[in-house]
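This is the structure I want to talk about, given as structure tokens.
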Amino acid sequence: MAPRQISVADISSHNKDTDCWIVVDGQVWDITKFAPEHPGGPGIIYKYAGRDATQAYNETHSPAIIKNNLPVDALKGTLDRSTITAEWSTPSAQQEPRESKAASSSSPKKPPLDSLINAHDFELAARNTATAKTWAFYSSAANDLITRDLNARLFNKVLFRPRVMRRVDKITTATSILGHPVSFPLMIAPAAMARLIHPDGELALARAAHSRNILQCISNNASYSASEIVSQPEVADHPFWFQLYVNRDRSKSEALLRKIHTHPNIRGIVVTTDAAAAGKREADERVKADESIRNPMMTSSAKNDKKGGGYGRLMASFIDPDLNWDDVAWLRSQTKLPLLLKGIMAADDVKLALDAGLEGVVLSNHGGRNLDTSPPALLVLLELHARFPEIFTRHHPASPAVKAGRARPFSILVDGGVRRGTDILKLVCLGAVAAGIGRPALFATGYGQTGVEALVDILRDEFEVAMRNVGITSVRRVSARVCQLGGDR
Amino acid sequence: MAPRQISVADISSHNKDTDCWIVVDGQVWDITKFAPEHPGGPGIIYKYAGRDATQAYNETHSPAIIKNNLPVDALKGTLDRSTITAEWSTPSAQQEPRESKAASSSSPKKPPLDSLINAHDFELAARNTATAKTWAFYSSAANDLITRDLNARLFNKVLFRPRVMRRVDKITTATSILGHPVSFPLMIAPAAMARLIHPDGELALARAAHSRNILQCISNNASYSASEIVSQPEVADHPFWFQLYVNRDRSKSEALLRKIHTHPNIRGIVVTTDAAAAGKREADERVKADESIRNPMMTSSAKNDKKGGGYGRLMASFIDPDLNWDDVAWLRSQTKLPLLLKGIMAADDVKLALDAGLEGVVLSNHGGRNLDTSPPALLVLLELHARFPEIFTRHHPASPAVKAGRARPFSILVDGGVRRGTDILKLVCLGAVAAGIGRPALFATGYGQTGVEALVDILRDEFEVAMRNVGITSVRRVSARVCQLGGDR
Amino acid sequence: MAPRQISVADISSHNKDTDCWIVVDGQVWDITKFAPEHPGGPGIIYKYAGRDATQAYNETHSPAIIKNNLPVDALKGTLDRSTITAEWSTPSAQQEPRESKAASSSSPKKPPLDSLINAHDFELAARNTATAKTWAFYSSAANDLITRDLNARLFNKVLFRPRVMRRVDKITTATSILGHPVSFPLMIAPAAMARLIHPDGELALARAAHSRNILQCISNNASYSASEIVSQPEVADHPFWFQLYVNRDRSKSEALLRKIHTHPNIRGIVVTTDAAAAGKREADERVKADESIRNPMMTSSAKNDKKGGGYGRLMASFIDPDLNWDDVAWLRSQTKLPLLLKGIMAADDVKLALDAGLEGVVLSNHGGRNLDTSPPALLVLLELHARFPEIFTRHHPASPAVKAGRARPFSILVDGGVRRGTDILKLVCLGAVAAGIGRPALFATGYGQTGVEALVDILRDEFEVAMRNVGITSVRRVSARVCQLGGDR
Amino acid sequence: MAPRQISVADISSHNKDTDCWIVVDGQVWDITKFAPEHPGGPGIIYKYAGRDATQAYNETHSPAIIKNNLPVDALKGTLDRSTITAEWSTPSAQQEPRESKAASSSSPKKPPLDSLINAHDFELAARNTATAKTWAFYSSAANDLITRDLNARLFNKVLFRPRVMRRVDKITTATSILGHPVSFPLMIAPAAMARLIHPDGELALARAAHSRNILQCISNNASYSASEIVSQPEVADHPFWFQLYVNRDRSKSEALLRKIHTHPNIRGIVVTTDAAAAGKREADERVKADESIRNPMMTSSAKNDKKGGGYGRLMASFIDPDLNWDDVAWLRSQTKLPLLLKGIMAADDVKLALDAGLEGVVLSNHGGRNLDTSPPALLVLLELHARFPEIFTRHHPASPAVKAGRARPFSILVDGGVRRGTDILKLVCLGAVAAGIGRPALFATGYGQTGVEALVDILRDEFEVAMRNVGITSVRRVSARVCQLGGDR
């Protein structure tokens, strides 16, 4: 059945919150029922009520999302292009295009990829070339940025105690994470909305993870659906994890998990636990005040939102603050995949996770984005050494007890502030199974798949140099003794 | 009896320290006897001897003060306006109007209230828009500002140890302070002269305290009298505290307390103990040198005052440095209201206050305004945990011992450097009943009642976010264990 | 006998190192024998060989010095002014007058004295108005200034633990130092060459010390001789101390002490022990490179001195590096006055001084001028509390043991980095008998006697404010418990 | 036999990697076989294939090197100058001469040597006058420069605890290092490529070491061969050490040692152990991107090297990462000279070196150039005091046990961050036999031999001043007690 052709006059009449049609890529959708559930808030949709939302949609969403999330009968037909009027196609004041499309690779300010030699360079390139809103969303963190900045700085207070003369010509960075062999103990941590900085977004991240054989944990709030990401032919055999925000409406999380389970290359579920309340990311909030009208994520009602216009807060609204330890049983009932908890920031909670039978945790403070003055994950790792050292001696996947089957393996991953191969090596030496990178991966996505690959190559090279110079030949044979406190800033 | 009309010629003849008339709002007052007792010093009055002091008076005082403080016979009559001459009404060099009336809401530099999203923003707005003297008076602190700045910075050295998965959808910030239910453990701390930044001054603060249901402790040196503040119809049922500086002339303090007792909504007396000597607030002193002639608080003799021209020092002259522990009995004899001591900075003095039967203390260093390198109240709180932990385990109003009637409740409040909801939560977790804000409230007063309400809403929102992310559901059920030292700057 | 009139032609012929005459104030001196012993080095004298050195002489020396130090037969006669030629009176390139005579009170850049409200202000005024060389000489310190700056900063790391409600209306700052009653535990520490910044130099310091009744310790290298300083009629009854650098030629020190003993108001001898080698004060050395020709202290041979052109080094050349503990007996044999050692920087040396029977020590690192990374005196004071607390409990002049005659009094003074009354109070609370100020006093001397008085008044006022706010009523009744570590920068 | 004259046309035809002739100083070399082994990488050679490489060669190599390293039959003949064409002699875009020849002493920006009064001055002069690439190569360090900067800063956290009154007129800085008497416990540490900053390069360093009688350890990667350096007539009797990077091809190291042994004034071998992997010196890498074409060390293929264009990495390619403790026996079999290990950064490795019978170690982190966040050598020295104090009390060459023949002497040298005589004294007091300077010596080489001498004189003068002021008369009689932690930045 050929879809109905719909005139602009007809579309324009459905321009109310209670009767809201929009056009995306020439298709006309009745979005009235869905709008209130929109993760970005309904306002951004209402702004385009009765109009063409294609550009704004494509800036943040993958093509498939609208089709996958709306029922078939929401598709009312196709735009009758012959009826388009100048007035209708002119963006209203609220729909102006973005100021700078710096994320495009043709930006004159963007330095050539091969001139970037460390993660800081990627960050600087993103700061100089991404739109103000993208930069604000990616770089911002809660309140006064104390935790965000301490995350990185704390790595410099841990010095190595290198051992020399150790035959380090042949070394291996290879390891395995929950049984998946990887080339390097690095995880692309879940971070939302990678499409803001490059059209390929998470697709590029996944292809780079595959080509470099490292783990990627897909964000619940990725610009592309997990299905789109893991179904790319290039990554068919590559293992992924999926990061889940448990929805206030548990049935939605259950449905999401069922969809995830249809992809055999998704091999683990990482439930985020540190987002009970959306952090106050002030840079993200403030951009609204200056250019709210230009940003497609903004809700029309955001103008009266005293808190500002942060993407982060808007996207967090569906997350269930009532998630609790009793939910572990429910989670187990919904998935056979390994389960880890992300956002653990206290040794006591690591112990609870171990005792609850989980496969591991990601020590993380969400990049300092949710609770300012929360502790760096590296500090939690040190707290664990002080209070529950048996987690490393007995439960580390590479420990003799685990290998002999006398103890259950429990994997500790860590993210936050990782910018150097030396940072990764410190975490591994202190017992982490892998280190995650969030923002650096997003910044590298600005260069698409090759950018992410370049960043991974840089970190791996730094990691190898550090391994040799610390005297380590294998990621699986490390000792916390090669680390010592002593740096001062 | 109609008041006598008095000519400018007559008024002008009373222009000496020993025979001093001034005009305020068209009324002619003989101020000769009162001038030496003026809290702002006599000089400022003498400057207007024989002249019209209306403008200068209104910039810092409420209309009622002159009537309430002078005897009836001091009112000599009304200004015969027909006799006004150009010469008489021209301000002398010493009476120029203020340079910028930035506190008025029409100032072009003043950012819109809804663009302010944290306490720092309010401070910045005040710095950019208040007069130089007001900014100096509010922002200044003793000597080298070591304590003022450490107050704020120390909060960043205390990190949380957040606990996740704690069912934090429904949380409550409500608590009670000495039996008064409040919505949020925040107190507007006593701070002088709020009218400098907005005509509504403390009236606005009180209305905001009422509308947000938080505690306000009225300053002894408020621009409006306590009576005016608490008698506003909007706040009739709202509980207030009154902050008392004990006067060198105790009978004046007794009289003041008697007046306070006529207001049933004043429910507690907070005696400031840390102002034995006026601090050296150099920014406040220095403004004199630059623009003494423009500021109505300056005494004419201030020109020869080697210390400068600080409001703070001028206002502190009546405070009794001989206040001592024996005076607790005298204080008890003068009021039936709960009594707290403010300005306690040593664990030993907290213990003395407990043993003296007081209802509580406000740990405070006066915002660093009196003694530089005095310790942040947060440090004193930590000292208490180390030396007298039973104050928290046994005497905290929410402790089982108090609830079971086995121990006397003792309330510890804390102020100094509080700028974030996270700061407030740390104090509460460490055993404070509430946290006070001084300067931030003054800065917010620049926007009147709605400004203060906006600030309180911001802090409360930050507080709620922090509660959820630390895993706390009620202000009454907290643990110091969620705090740890670890920040580094 | 009328002195011989000597022609310019005759004078000009004595222009060699081995035959060197100079003119000062119209008197012609044969300085050949004295020049090699000149504390400022011979070069500066040779520069004026055969010429008029009046201006250069007066910039750093008092009129009496030349007469007191040269034998009678060195005076060859008086300048025959009729023979003066233009060529002779024209300063050579090496004798140009100083660039800016900023020390004169008419300098337009010099802020009015009553606008200076703390010690920093005096320092800033000196930096802006003194000559580059004077500023360099006064402000410089050894190497990288680590110690100089740490001296001041360490005071901010010691916080008070103030006690409130202590009846502090009547307090007294009066105390006594080795039996001399003083108004305030402040000492003007010995610092060289006060005349560089003001013609009155140490004369002004002494008059201010008298008028404010504080102790002054006269520098061995003062611009004026100790005799001139203490013989001023105004200070006839005021007690002074004299600081002695022991000369490599002990007979010179003996002669100096004999001269000192002729002044009954000099009541103590402070032997400097921390100047075994002249510190490398790089700012002082560097000024040579730029303007050696303009500065009268420079030696002509300094041009080839690889170390630079520092006054400090030039003046230190006569100091005996072999001074040692055995010399205490020799010192005792040379003076009946109380003897103290200055420059002690180790608790063990304090103990040695006590055991050697000395009357006290001045803990000092010479303002950081001699050995960079030497410890602040405040740190040494804390070391004493940790290692030899009986020095305070038993030997402090105000201790019961001393008062009861059961222990010998031993006075500990401290200097270095003192800039605030709070600094002085901390030292006193930690057991110091008095605190010394060196550079601040020199900077204040830029304003002459009234400048020094103003500075003392400021420090005393700050001290009194701090006493009251810490809860101290008398300098003689203090406790180290009101101090605690805790500041962070 | 007169060498064959070869035409430019002929030479130009050998312009491929597989057939590569170059001209140096008029001699034509077939460099095809050698190029792949070039320590600077083959690319730089291939860039001149078929052309005249004289200028580039001379900028970094001594004249003898090509002759000593190539077999006789590689010399094909001499350039027939009559055949030179304009085209052939014009540098291609890749062969431009260096931008600024700032290293020449005629550079207008170069301050006069006698105006430099400390090591910082030499660094600043080098920064301002050396080529960008030289500055980058010398000053760069690994990653974020954490270790490089901490090296220097840590010295300021160690304060002295000076002892006064110690008869310090006559002191001696003389000591001996492994039996060689030296004037001062300073070693010129091995640092590569001194010719980049001055034509005399390491020749100048050696002459200065001789004239000042201090130890020099010649770098394996010196611009001049060790033979050239130690064969200078001036230094015939001066003892040197040679620093060895063990080659992946051990036979090359063996050959090198055989050559070293032909020089009787080379008296020790220092094997570097901390260069298992080339550090990531980002400044060094980055210069490539900007001016690769101008720098003769750059390989033509470097353009495609993702890591950048660092000299350091290029030169490190031959170093054997498999060097291990079993190699000590092999090293002993190859040389009778004393053997030390350089780059030890853990107390445990010092112990291993002692137990392996080595003569000593150089605690070093390679100036922070190889592993960022490796510990400062000073920290390792403190770790030794905590964990193996007997190394100092028993094995120090000046200890009674060694002198009595009851213990084997073991010499600990330290480098990294040494900039002041006080730094050297701290190391000596803490048990080091000598302190090494790397970068400062290179920077001083910019002024040739006299520059290095001036630097040594400065450091020695600072050292003597510090000795006297700390109360030390001989380098051989020191105590760690005169050092204490306490500095704060």
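Letters A, B, C and D mark the chains in the order given here, with residues in each chain numbered from 1 onward.
Here is the rule we use: contacts are C-beta pairs under 8 Å (C-beta built on N, C-alpha and C of every residue); 3 or more make two chains touch, one makes a residue touch a chain.
Protein names from UniProt, one per chain: A, B, C, D = L-lactate dehydrogenase (cytochrome).
What you see is a predicted model; the values in this text were computed from it and never measured.
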Both-way neighbours, i.e. chains that touch chain B and touch chain A: none
Turning angle required so that chain B lies on chain C, C-alpha fit (0 to 180°, nearest 5): 90
Most distant chain from chain B by Cα centroid: D
Shared interface numbering between chain D and chain C [over half = same, under half = different]: different
Chain C-chain D separation of Cα centroids, rounded to whole Å: 46
CA centroid of chain A to CA centroid of chain C, Å: 65
Residue numbers of chain B (touch at least two other chains): none
Partner chain D, residues of chain C touching it in the complex: 143-144, 146-147, 150, 153, 157, 273-280, 282, 285-286, 289, 306-308, 320-325, 327, 341, 343-346, 348-349, 370-375, 379
Chain B partner contacts - residues on chain C that touch it in the complex: 114-115, 117-118, 155-156, 158-169, 420, 422, 426, 454, 457-458, 461-462, 464-471, 484, 486-488
